[in-house]
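These notes open a run of structures that come right after.
Shared chain: chain A. Partners: chain B in the first complex, chain C in the second.
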Partner chain A sequence: MTSLAITSPKPAARLDRFSLGLLGAGALLFAAVLVYGGYLLTVMQLAMIYGIFCLGLNFFMGYTGQASFGQNAFACIGGYGSAILCVQYNWEPALALIASMGVAGIAALVIGYPTLRLRGHYLAMATFALGLITYDISVQWTSLTQGYMGYAGIPPLGIGSLTVEDERLKLLCLGGLLLVGFWISQRLRDSRFGRGLRAISGSENGAAALGIRISRFKLIAFVIAGLYASAAGSLFAHTVGFISPEVFGPQMVIVTFTMLYIGGVGTLIGPVVGAIVASLLPEIFRSTGRFQDIAYALVLLLMLIYAPKGLSALGALFRPRKDKGEA
Partner chain B sequence: MPSAVELVQSLVNGVGIGLIYGLVAIGFCVIYNASGIVNFAQGVFVMLGGMFAHTLLTQFGLPIYVSAVLSTILVAGIGVLVQIAIINPMWRRKAPLFAIILATLAIQLLIEQVVILTLGDQPRTYPEFTSGGPLKIGPIAIGYQLFWVLGCGALMVFALTQFFNRTRMGRALRACSQNREAAALLGIPVERMLIVSFALSAALGAAAGILITPTQYTAYSVGGPFGINGFIAAIIGGFGSAPAALVGGIFLGVIQSGAIVFFGAGFKNIVALTVLLIVLLFFPSGLFAGRAKSA
Partner chain C sequence: MALLKVKGLTKRFGGLLANNEIDLEVPQGSLFAVIGPNGAGKTTFFSMISGFLNSTSGSIAFDGRDTTRMRQDQIAAMGLIRTFQLVQLFKGMSVAENVEVGCHLATRGGVAAALLRPSWFRRQEAEVHERARELLDFVGLGAQADLDAELLPYGQQRLLEVARALASRPRLLLLDEPAAGLNTQETDGLAHIIEKINRQGTTVLLIEHDVGLVTRIAHRIAVLDFGRKIAEGTPDEIKVHPEVIAAYLGVEEAAYA
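What follows is the complex of A and B.
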């Protein structure tokens, strides 16, 4: 496969041994939790959901090199879309999920078109404002969202009469969906489009000179990230069965960015690994509530300062020196 | 349709809160101009100012003026700490812009949670600096605290302009904002200037928090809204001079209290954020710079 946009000696990113090892460790953890059961099942389920969210975030943040601090807005649309359609109108959960993704996609398109012209701090602030507006609306528009009360009794995921009630089965399904999301993101990353995105992150002027339509590429990446976030929001609603505005509040930004940075921004497996590690670690330390937020913030700060490339980049230490530049 | 009295009253309230936004906005500008960093944790300084002043006032029984000054100094110290412990290491490692923004967001969350743990999560307030009031002009009521806000705001803006124009350190800060490399070549210690800018902007935020707390309340979570609104004010003012930021703040405050009259209190943040998006998209370099081509 030759590309007109970018000539690279390594067009398709193959997983090196270290990344495979990390993925294997993740899979082992997954299996262990599946066998062990109990409370950890819920933690792992959330890890899968966050993984899907981070995959989308990684698309926009990692590959395209843009910042969106407002992806929780789309998770909010997804979650509330699912909740409202299922509880108020008795829709099929799967249908509600897809419909909310559609709404989130259109919202991302409409919002992204003007917003993505901004750069740097302005883009960061505009997207952050987006998340806050959505949060405020979900609190204030009580006739639609029931305010702080939230929605309870959201049916679990399923098709027709076949519903997934068992916790282990739920986890398996979410794991499967995460794999699908991962596969899509991997295919997209190595496509002509994905390489274009990475070119934009390298240099916008350079990418433009190579004939990449910057604004369109950015917008598509933004929409893809929004779709992932919306799917994650819907899955959260169906898995937990309850949502309230706090679920999609500003903390979500910190938590998901911590995951992304732990896993490694812009790497293929980073989002998945980061979501699993960052979800399970607090459980190991048995730190709850406020300490958990503090731990997330501290870990994020330390990662940002000392290891901005995350866990997946540790593989570079074991790689022969000549490969390093291309990794 | 609200009556004329209500409108004028909301205008007065809007000017009061707008001045506070303006002070926070100046804090944003001071750091941004010295370093190119937007400190998204700016609102935390406002919260800390009010919280510390309240703690000093009630727990240690200090008079209000002493606790105000002490609290400002303490918060300035925290600003320095944040700069030295987190921003400077990232700055030295040439961390990308978004990483620094994210770090300041994490700092905000961290400080808020630490405040909950140490000072509690209950909202609190303390009496106005001057008892009595409000001043009645016809049916319009103006709290005495508003005059304190006005006076202190004007004093601080005046002092800041003097500082930036007359003192050696202020001029060095301005040199950093124009060209950091050239400033460093001329022997200006740029990193030390960054520390000064963080201390200055933290002190400004703290002063804003101390001044506004008597008219409303303070709690661990008030930092976020103040930070956002201050940033919006800074954007309206164009991230340039202190007076422009102050005017931007008043503009925002008036719009917000108008929105409360027309739509209800719940929508004030939504209106403010919408103003932000409009300004960002159509006037990226501020309302006073005319329409620019791009951000």
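What follows is the complex of A and C.
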């Protein structure tokens, strides 16, 4: 058997050119919005926040290949944690964000431990119930959450007396935080830990046979997703200044799923690309007036048909087919 | 010394006795084979040893420790690594990455190490990449390293599974029909690889349908039929064993019926 020496000596690049191009396009859009200003600033701010949420979701749904329809529960913990700690107890926003993440992480650990024994549809149902329960609590426990009224006057992020009030500055900060989140996700993915997660989504039996502790890895991925979601929830509260139960309701699940699937579930850049594209698309169709929703749905459908693995997987189409080594 | 010691191992699926009171001792350093007709209970036997199935009764000791009720990953961590009759590749990962996952037990570090990347971790990652390439070269898949694992032809997927199992530096390697789906040339290559693995010090327990292959490379053979161990001995003893001949002829007769 003659093996042709076509293997590159250096390890494969983490990001191919197409992904880098997509990220570049995202950065250009970001810059354009920053210059243009107006209400698009808010749209882009939310895109950054959703991007952070989706980066976490991607750990559990993408790399590990498990279904969670209840990640909004942890965003809810983050958002309300920030609101309650800052409005009722005058905490520093940054501290409130971190403390809420702690609570969300512990909640994910406690909830995930029994729940993650379930698989497939059952896991999806259980996590969906989790989101509904949290939503119900945020509506019913009025002494803590103020029910439908929600919380207003949540202070913006900042350190000490330095607060980020300007909308452009807010967007820049959120963009920076998204980059930090992205950097962390890349480090975790390309490691012994990340390979273990991806092995689980490839074949649980195969992974277990190589000594990977399936339930533990799933649980850690679930907690990571919960931490990202909580941070996103807190950032929403500090950016918009107002939260109510609806913000973290079931429609958040739909929105973030759309983003993750548009961008490419299980890919490194998918969550970021998906969040930006899915946030800006409806704005582009705004000019079509009452056909806005239809146009948006149509484009989503076309994307799912022609790019079922998401935008960031489209790069494979342009890549030259690799030689199989032997004829 | 016996590296693996199985006593009275029994598995019942409802009314079916898939494994019936099987005793087996696999000596350290040997190349041991389990053969038997379709449905004899070979895979069931492997699944119990590797912790993927709980036995109905009986005991399993690996390296002097009772592993009868241990989890798959605990058994794997002791150095008992299996492959699957139906290949269990990691879809969505490249050929090289599949082998890198195999290095899991031979390496350390979790979330914190991945984030902070201390120098030992970076060195380890580099070693993992290098080891994956070496093992792929060893099984003859060096040229396919960057390919999506799913795109490999079936025979090469089997070889990849062997390379991946080797990456964890097993002490006992269980191979479930590694030659299934391979052509004669590929089977010869595989036989060569298995012998080499064994010579380098890894004890091998092999399930195989291809009696020719097994009698050529195995030191010792156990024969299963209808869940029972009907014979055990050296290849020469097995070849002339009346019950074994009957079991295999029985299969052939049934095939003509």
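Quick notes
Basically, the second predicted complex is superposed on the first by the 288 of 327 C-alpha atoms of A that agree within 3 Å, B and C clash if a C-alpha of one lies under 4 Å from a C-alpha of the other, contacts with A are read in each partner's own complex, and residues count from 1 in each chain.
Here is the rule we use: contacts are C-beta pairs under 8 Å (C-beta built on N, C-alpha and C of every residue); 3 or more make two chains touch, one makes a residue touch a chain.
On a predicted model such as this, the values are computed, not experimentally measured, just so you know.
In the superposition on chain A, A:Asp136 makes contact with chain B only, while chain C stays out of contact range. In the superposition on chain A, no contact is made by A:Leu109 with either chain B or chain C. With both structures placed on the common chain, the touch criterion links A:Arg198 to chain C but leaves chain B unconnected. Shared-chain residue A:Gly206: touches chain C; no touch with chain B. Overlap of the chain B and chain C contact sets on chain A: empty, with no shared residue. Put simply, chain A touches chain B in their complex at residues 61, 67, 69, 114-115, 117-126, 128-129, 132-133, 136-137, 139-140, 250-251, 253-254, 257, 261, 290, 293-294, 296-298, 300-301, 304-306, 308.
Chain C contributes residues 50, 52, 72-73, 76-77, 81-84, 88-94, 96-97, 100-105, 107-111, 113-115, 117, 121, 124-125, 128-129, 133, 140, 142-147, 151, 161, 164-165, 168, 189 to its touches with chain A in the complex. Residue ranges of chain A in contact with chain C, taken from their complex: 1, 3-8, 11-12, 184, 187-188, 191-196, 198-199, 201-203, 205-214, 220, 224, 266, 322-326. Note for the complex: chain B touches chain A at residues 32, 38, 40, 86, 89-90, 93, 95-99, 101-103, 105-107, 109-110, 113-114, 116-117, 224, 228, 231, 235, 266-267, 269-270, 273-274, 276-277, 280-281, 284, 294-295.
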